[in-house]
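Shared between the two complexes below is chain A, which has chain B as its partner in the first and chain C in the second.
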Partner chain A sequence: MSSSTSSEIVVEAKNLGKAFQLYAHRNDWLKQVLLGWWKAYFKPFWVLRDISLEVKKGESIGILGRNGCGKSTLLQVICGMTLPSHGELRVNGRIAPVLALGSTFDMELSGRENVLIGGAVLGLKRSEVLRKFDSIAEFAGIGEYMDQPVKHYSMGMRTRLAFSICAHVEAEILVVDEALSVGDAAFQRKCLDWIDNFRKTGTLLFVSHSMAEVRRLCTRAIWIEEGRIREQGDPNDVIRSYHRALLVEKDDVQRFSSGNAKQAAAGE
Partner chain B sequence: MISSDRPSQRLILEAGRADRQYWRDLWRYRELFFILAWRDVAVRYKQTVIGLAWAFVRPFITMVVFTIVFGKLAKLPTEGAAPYAVLVFAGLLPWTLASSILSDASGSVLTNSQLVSKVYFPRIIIPFATVMVGLVDFCVSLVILAGVMLWYGVVPDWHILMLPLFVALAVLVAIGPALWAAAIVVKYRDFRFVIPFVVQIGLYVSPVGFSAKVVPPEWQLLYSINPMVGVIDGFRWAILGGDSPLYLPGFAVSLLVTAFMLWLGIRTFRRTERGFADLI
Partner chain C sequence: MPSVKVVNGKQIVVENLGPIERLVSFVSKPFVRMWHHRDLIAAILRREVRERFKGSIAGWIWAIIAPLLAIGVYTFAFTTTLSLPVSDGTDGKQVSYSLFIFSGIIVFNFFSEMAFRAPMLLHEYTHFIKQTIFPSDMLPVISTLRATAYTLISGAVMLIFQFAMTGSLPWTVLLLPFIFIPFMAFLIGMSWFLAALGAFTRDAGYLMITIVPLFMFATPVFYSHAQLPEPFNFWIYANALTGFVEVMRDVVLFGKLPNMIVYGWTLLISVFSFYFGYWFFDRYRNVIVDVL
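Entry: the complex of A and B
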């Protein structure tokens, strides 16, 4: 098989673009449903534009960007959650999305039961989950709470459990989306140590607003702005330019709305 | 760390092209199907006092009411020598199975929105997993049916062996429209109000409380366009045997309608499921 050559690149994106349909008025949506074949009543809202990206096996990519720049959408597309509007994507390997898993828990069920579901969602067999269960429980470190309904968990405990499941699915690609900020310092360190170790064998896609974490874990950083890659390369260089930009371009409250108007105008 | 016994997983996405490996994915996620089915059963009677007993109480009371209203008050004829209560219950079983699958499965993608919006797996697993809940309740009802038949001294003959076939048919009748609705309701939430209405009306236009033979012969074929007619007829044929002969042309029509709706349901679901995460 040609796997020796193709397995080198685990994520390959070509000209990825993602647009949502944006309606100015509530009625426009109904018009689109009834008369969509005649003309479009929505403005395309481009969240991602022309993203081309190659991630090699064993790389650790840090993704930077301000809120709403398209980081999470990019990860969603890579995880196969949502289809790109144009472009092409190849992913080679089992993906474990860390933060995502915590919000899939069923509140009525116990931690133990959610471990079974979480494992299955990530493609593990029941027998595999059962075999690893003690190890998962130990890593999560939530003790007796394992048999309580998840609705009684704190946010931190949910994150602990979610991270612990993801740490045990033997993923080839780990997607960490601002996951660790809710855990306490000791657990954060445990997770970072684990990720550090994971990097020896797997590929990491890491979204964080903590530049120290990105510096420590990543071999390459990608800075995304308004759906495009603005800069990529050595983490130290990218972080420096990103910080400089943050100082100059103050937090603009009109950013989201004016961005929409600009894009709407561009869409016409 | 990475075990070598598991084949590497590949995901190829191209805008506007259907995912060719979908059915292979479905097989790979078969364990998820069983776990979701088990979860649906486990959650169903959580925080209820009498738990699974609800699966006994509801069909039993419905049977008593229907027997009084249709058999005693309206004085509708039964089939052959069968007691009216058995006739009603033989219709109520498949109806409850099909209608609970239709209501559960059609809302299932929305109720599992937290899963759908956060992780990838073939979404069609979700509505199919809800079938198991209906089947568990159905098995409980079977026990009541056995009790009622024992009470009236009705002994089934070899026809009863065909019952599993009609159980499968009841599931198929329901899952087709349910898949269609589960996909549509994600975008058009209006259908959340349509499904309970369809179930409510369906109870009266399907031969649940009465025999399908009440319908005049010249309308029989047309009546069978409602696929539940075929299913319920089949159930009565299997349970009451010679007392309730199967009307074959009508049964064939019901089968055709079922097959068409199943095809339409799967097609609609497959075409829209990739967009679920954007709409939820």
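Entry: the complex of A and C
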């Protein structure tokens, strides 16, 4: 690979795997911490396996998959919140994670104070947040509520405010996880317009259950199943085969446990 | 430009450093990170200070009333009922017993607030740690700074009382930062260690609730090390808090320079605690995200 093409790759993952440590007994973690160098006291539970992925600058990737397939974990690994257990990952650029919007808000504090904290957590200087404050308030469009404690906000209002903060970070890579499902249609459209605009300059990783959004925003789609990439390519093709599979595979109660059993049987 | 490179679960440090450079980077790392995240530290600290008195009307007044009330009660109790003038053991200078124990209690309360809170610290901030790119190693720094604010209020109340009772303050009070800042470093290091431990198990919190009150009597809060019999007046320094309490009393109450061996010992404890705590936290921080 020549240096000119590799500099355009912003996210590069090779055989990425993520295992959570499952302990048979509640206190086995202590043995693991003390004696982990000698033997393993846990069973690895692989939520991501063998993910190889290259995202070029300016691409928009839509990630599809059923609940619990590992989509969110993949985003968390890419954002660097949790380390992969296996494989290589390289990320170049400032990431703005738009995950679980509003979950970090302090309910007792006002929207205004939460904007200051939220901006700082996303890596903005205090002066930057203050400068952008009016713009953040305008985008959120919650008016007088800005000075009320967040506990009086509706889910939709929290989402509006949280998304608005993220939209002002000036990131190079935007990672969005099912963020917009609570907002009303008008706000969703506003956010999608904003993301659409962001795509002109930045790279987008986008998880959504709305196929219309994926079709509209993404240049490539990736379908993840049981922690592996099942299919990737043109969004229309991937969505078609994903839908076909959803029709065949009913929402099986055993789905989560059977995946586990399969892993145990495979002896991993 | 922040870039992440990870191979087989280990973060790869890009620089290739020699042993001296590695030592320098280890020593400077906590400070570099504090400086880098200064705006975040300030923002969270502001939230923490507000949170402490959330829903209260009097707010900060509570932080002033509590130490005022405490020293008032001690003064009343120890001047009217029993009178125990305390000397520092060498030159026989006498100070009021109420100021004597109040100074010990201020130092001890600072320690106990950190010891109680640190094991739960990462649990309080789970959302931040799991949902955002959050420097969790700054949380013990922030909580220590918050506790510092309340300690300084108590300290100011004490100095005002001391001035009112004795009519003057010794010049050695000016030396207080030289012992107070190492004490903060000691507590930040302790919080790093306890926070990491507490993320794995709630037992760390219960352990602290059990042993910290006992520590109050194993530390010279109500007595001076000079009042202890022969072997104990040496071994009491094995309790890391002893040196800090004694040195702070020397400069504030007795108005004299501390014993340099004791002072050196407290500095040694501070540096060890700070770097051991950071090393421990840094080592387990990536595991902690998954166990929270």
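In the analysis below, the second predicted complex is superposed on the first by the 238 of 268 C-alpha atoms of A that agree within 3 Å, B and C clash if a C-alpha of one lies under 4 Å from a C-alpha of the other, contacts with A are read in each partner's own complex, and residues count from 1 in each chain.
By our rule, a residue touches a chain if its C-beta (ideal position, glycine included) is under 8 Å from a C-beta of that chain, and two chains touch if they have at least 3 such contacts.
Everything numeric in this text was worked out from a predicted model, so none of it was measured.
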Discussion item. In the superposed model built on chain A, check whether chain B and chain C fit or clash.
Written reply: clash
Worksheet item: Which of the two partners, first being chain B and second being chain C, lies in contact with A:239: first, second, both, or neither?
Response: neither
Item to complete: For A:30, decide between first (touching chain B), second (touching chain C), both and neither.
Response: second
Worksheet item: Just chain B (first), just chain C (second), both, or neither: which does A:170 touch?
Response: first
Discussion item. Looking at A:108, would you say it contacts chain B, chain C, both, or neither? Reply first, second, both or neither.
Written reply: both
Discussion item. Contact-wise, after the overlay, does A:222 reach chain B, chain C, both or neither (first, second, both, neither)?
Written reply: neither
Discussion item. Once chain A of both complexes is superposed, is A:211 in touch with chain B (first), chain C (second), both, or neither?
Written reply: neither
Worksheet item: Overlap of the chain B and chain C footprints on chain A, residue-wise?
Response: 20, 33, 76, 79-95, 97, 100, 103-104, 106, 108-109, 113, 116-117, 120-126
Worksheet item: Can you list the chain A residues touching chain C in their complex?
Response: 20-21, 27, 29-30, 33, 76, 79-95, 97, 99-100, 103-104, 106, 108-109, 113, 116-117, 119-126
Worksheet entry | Interfacial residue positions of chain B with respect to chain A in the complex | 1-3, 6, 8-16, 28-29, 31-32, 34-36, 39, 42-43, 46-47, 114-115, 117-121, 188, 274-275, 277-278
Response to the item:
So, in the complex, the side of chain A touching chain B is made of residues 3, 7, 17, 20, 33, 76-77, 79-95, 97, 100-101, 103-106, 108-109, 113, 116-117, 120-126, 170, 172, 198, 201-202
Worksheet, complete the sentence: In the complex, chain C touches chain A at residues 1-11, 39-40, 42-44, 46-47, 50-51, 54-55, 127-134, 200-201, 284, 286, 289-291
